[in-house]
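Order of writing sets the chain letters: A, B and C. Residues in each chain are counted from 1.
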Amino acid sequence: MKKKIVSALLVSTMVATAFAGCGSKAEETTDTAATESTDASAEDSSTDDAIANLIAATEGTVNIDLWCSETEEYQTVMKKLCDDFAAQYPDVDFNITLGAVSEADMKDRVLEDVEAAADVFVFPDDQLEALVKAGALNEVAAQYTYDMNETDTEATVEAGQYDGKQYGYPFTASNGYFLYYDKNQLSDEDVASWEALTAKAEELGKEVGCEIANGWYLYGFFQGAGCTLTENEDQSNNCDWNNETGLAAAESLQTITSSKAFKAYGNDDLLANLNDGKVAAYVSGTWNVNAFSEAYGDGYAATKLPTFKVNGEDKQMASYSGYKFVGVNAYAENTGWSMLLAEYLTNAASQEAVYEATGEGPSNTEALAKASSPALDALAAQSEFAQLQRVGGNYWTPAESLGKNILDGKVSQKVLDDAVAGITQPVE
Amino acid sequence: MKKIGNYFKDFGQAVVHGDIWVKLSLVIMGAGYFGRKQFVRGILMTLLEVGVLASIFGVFAPYLSKLNTLGTVQREEVFDIVTMKKTVNDYDNSLLILLYGIIAILVIIAFIVLYLQNIKAVYRIQKMSENGEHINNIKDDIASFKNERFHITLLTLPSIGVILINIIPILFMVCIAFTNYDENHQPPSYLFTWVGFKNFVNLFTTSQTITFGYAFIRVLIWTLVWAVLATATTFLGGILLAQFINHEDTKFKGMWRTLFVITIGIPQFVTLLLISKMFGDNGIVNTFCSNVGILDFFKNIGLLNAGDACIPFLSRPIWAHITIILVNIWVGIPYQMLVATGILMNIPSDQIESAKIDGANKFQIFWKITMPYVMFITGPSLIQSVIGNINNFNVIYLLTYNYQTTNMAMANSHANEVDLLITWLFRLTNEYSNFKMASVIGIVTFVVCAALSLLTFSRMIGGDKEGVYR
Amino acid sequence: MKKTWKIVGRHIFLAVLAFIWLIPIFWLVVTTFSVEKGINTNHFFPEQWTLANYHQLFFEPDAAANFPAWFKNSMIIGVFSCLVSSIFVIMTAYAFSFIEFKGRKKLMSFSLILGMFPGVLSMIAMYFILKMLGLTDSVVGLIILYSGASGLGYLILKGFFDTIPTSLHEAAKLEGASEATIFAKIVVPLSKPMIVYTVINSFLNPWMDFVMVRLMIKSKDAADWTMALGLFNLLQRALVNQYFAYFCCGGLMIAVPISILFIIMQKFYVEGVTGGAVKG
């Protein structure tokens, strides 16, 4: 694939330079470089040439809108990266505007009016499918400054694909969940299983938990127990959570949640109670890393998700691995520059800068090697039990309702049957 | 039918009997006025004609011609990896075709009516001049807009606003209900097209996979119960509170009123959100209740199961329904009190005086004089407020935006027990991009409202009650 | 003596009611002084008090929160939509109440029916109409949006106009006043209380709307938002833990203009009593 692009680039560069008798200086120098150098540097120079062509073809100000998370850390680091990007091309006049949009809502905000949405935006992997289906994402047809297949982890690159085409530039690889705990209160054995965890928490009079009434987390239990949930071609789902294993898992989960110490807080309630010192361990992700490290102080620790008993057997809880991507709007005003900006924001140096500012784990292997924190280590430990999220839109509401039923202690074969019927309902 | 027949008959007569100026008006609409030396009118009319025709052929024609299919050319893009430029074909946008098509049809209808009226008016002027009557000059025309045509002066701008902001969007969304506009057919990248009544059939279907029918009935019932209860409680409460504050024995009337009105001052999305936090499963009220022992009390009297960890104020059916109604009373009474205060102060005092002299007691005065008077003024708005409550998005959405249903059949159609039709369709559009079903639900909501009000409002403004208090 | 107790009881009852009504407001007020920036659902009162939130509100705009700009935008939109829609409402109500013209009842019925269609649904179409006119992301567009259809809300005012004696109208006509003069010089001054109500309502609508504006303003620069949009945005998952106290401050500050408006306008309500002079 890569080779094909490069050769295509080379040929057309020749053609372009042959025709362009009055080409700029940059073109001439790269042309000679391309003919004289070895294969490897030819690659560089031909892509450089495409960029040089773009610079030459660019007139007036290049306006690029960039939407990313509204948190202060994100805005600051992205602003700096954009300025650096603009500084790389002194001949071009850039006007890069940053917009603050919550990542969880990115898809909704973009799809309201794709034509008015940002040219470049950051989105989590679970929105990829909806964005592609609405035709909002530009395919990554070629890369000019680095090759993600060489620099980024395979899993991340794959998560940015849909129907075999690459749509997202890998940005972070730490959007999954794991267990935060206070090691001053809980030992390694305590956090190994949900049964031990709830028992210890009851003894301490503290709280532990996981947001069960949310399909994203609930998946981890059923998948861990050995059930399956997969997506079909037409975006409907396959699901066998109503089989014997599923029922056993649901009942086991119901037993765990019936503990006085178990809480299924949403994010707001979690943070409020965490600050009050009530929560000793909770399933969450890097977005709460500051809250947990402040609340636990020197006891701050994180680990893979606990096991839980299904039919008397310990099963490791699974999870969704989460990624963030930078996407280019299919309706972007300056597709070329938007792609270059997206590349710049996701290269090794930028990912490192983002990691340092926000604590989110890079997807770039080089940047990842330099990053280390309890949260990222926990994610790495969980990663062998984590799956790429590929699920059709009909999953979420029934799964949320199933979780609520489990919390209310209403598990039955019928509830599971109904949930599966909803999850697997056909898509028109 | 006969009226329409006459309409065209008049037009035919005007054409047949009209003189050269009238006939010329068939082509140049201002001609008839030029013939009678009404130059300003003539120029305006001709300009209007040119403008409308230009916009129809210049702007609307391409959209209008595709209205039957809503577009056939899907967007295709080719990215050139060398020049880094993208070329896109000339694609159709179903959404714009529909929208522009609707506007074009409205413009054409309005133009035809104007055209016919114009010929008739020109013919009328011809007759007047034949009879030697006075023909209005521009000054007279302007003066007439301050007098016998004052209603036109008053209503023109509001009507334009209503057409733009209300009628066109409504027509548009009604049309959507007959298309397959959903997450798999989103313009501008993809096309949607007409599908007839399929979506309506779906709404009333209940099977294991399509549960719209099941959810719809339940949502509809709660919507109606809510609308009636919410309106009745706040309306009565507001009047009583206003009466209470206006009573001669009450000191510091202004202060009391202000205290209640402060709650209006703070936007609903702030107060309601706070309240939803307070009454949440882990909120302050629950903490308080379990500390004081109310939680155990509820368990003892059987309102809650022994295993419940909190009072599910906003997280279980019935509980949530009651909480919502109570919170709405909190929200609504200050508004109603304000309205009632304004009205109560205008009650004809002579009626009350004479009733007092006749020996009527306070309750009799309230029910026999105050209430009829208040009902007379606010009656029509009461129906509006029932309809407003059917469409009351804020209270329900802000209080229950993270409500989770345990009813699988509801969940499968993205509904829940506390949803009104309006919040349901909002989530369908906002979170699931299911515009076609949302439109169908919208139309049904509209039909419900229309049916409700037809029963009552014809009596309110249709009857001859308007003059009673004059 | 019995009478005194009754009066005291009356006031105690009012005080209890007012207390219930003010609890959430009170929580809002104390939260604005909280050191902790997130929501705390476990305590009513903050554990530590500070004024820093107010300082942040007024002097430290950042990427997510820019209260001064929001306030300005909302004020402009609010005032102009209020002007336009009040005028529309008054004009429509007058036409329907005093002028007997052809098709009047039909128009009234039609307008009632229009009001029944759920507005949430037609928002998408409104957005594209504004886009067609090139008015998205503009103050003018929002003003049109908020005031355009306001003519439909004429019913309450018309109900009030209907109580103004026709004799007054006829007498003025006999003296040679035009409809326009009667409208401006007689009816409008007579209807102050209800007009005040109309004005307050027309101001509140754009001032507090967060559903429509979310769709209509596409700019993601916080300085372009309105207050309701900006504050509502602070409740997003990623922000609420940092900005809840800020949100409360903002919510409280929104209330200030409304409260001032009401205190000024309240005397008109009291004047409503002397409005009885109409009858004389």
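In the analysis below, a residue touches a chain if its C-beta (ideal position, glycine included) is under 8 Å from a C-beta of that chain, and two chains touch if they have at least 3 such contacts.
As the structure is a computational prediction, the values presented were derived from the model and not from experiment.
A.B. asks: Measuring between Cα centroids, which chain is at the maximum distance from chain C?
C.D. replies: A
A.B. asks: Count the touching C-beta pairs: is A-C or A-B ahead?
C.D. replies: Result: the pair with more contacts is A-B.
A.B. asks: With centres defined as the mean C-alpha position, give me the chain B-chain C separation in Å.
C.D. replies: 17
A.B. asks: Could you state the distance in Å from the CA-based centre of chain A to that of chain B?
C.D. replies: 41
A.B. asks: Could you check chain B for residues that touch two or more other chains and list them?
C.D. replies: 277, 280, 282
A.B. asks: What are the residue numbers in chain A that touch two or more other chains?
C.D. replies: 268-269, 272-273
A.B. asks: Give the residues of chain C touching no fewer than two other chains, as numbers and ranges.
C.D. replies: 39, 41-42
A.B. asks: For the complex, which residues does chain C have touching chain A?
C.D. replies: Contact set of chain C toward chain A: 36, 38-42, 62-64, 127, 131, 136, 215, 218-222, 233, 236-242.
A.B. asks: Across the complex, what residues on chain B touch chain A?
C.D. replies: Residues in contact with chain A: 75, 77, 79, 81-86, 180, 182-184, 186, 188-190, 208-211, 277, 280-282, 307, 309, 402, 404-412, 414, 430-433.
A.B. asks: Please output the residues of chain A touching chain C within their complex, sorted ascending.
C.D. replies: 65, 67, 69-72, 75, 97-105, 109, 112-113, 116-118, 267-269, 271-273, 275-276, 287, 291
A.B. asks: Which residues of chain A touch chain B in the complex?
C.D. replies: The contact residues of chain A facing chain B are 5, 8-9, 12-13, 16, 50-51, 53-54, 57, 108, 111, 114-115, 130, 133-136, 138-139, 141-142, 144, 213, 258, 260, 263, 265-266, 268-269, 272-273, 330-331, 335-336, 339-340, 393-394, 397-398, 400-405, 408-410, 415, 418-419, 421-422, 425-428.
A.B. asks: Give the list of chain C residues in touch with chain B in this complex.
C.D. replies: Interface residues on chain C, with respect to chain B: 6-7, 10-11, 13-14, 17-18, 20-22, 24-25, 27-28, 39, 41-44, 88, 91-92, 94-95, 97, 99, 101, 104-105, 107-109, 111-126, 128-129, 132, 144-145, 147-152, 155-156, 158-160, 162-167, 178-180, 183, 193-194, 196-197, 204, 207-208, 210-211, 228, 231-232, 235, 247-248, 251-252, 254-256, 258-259, 262-263, 266, 269-270, 272-273, 275-276, 279.
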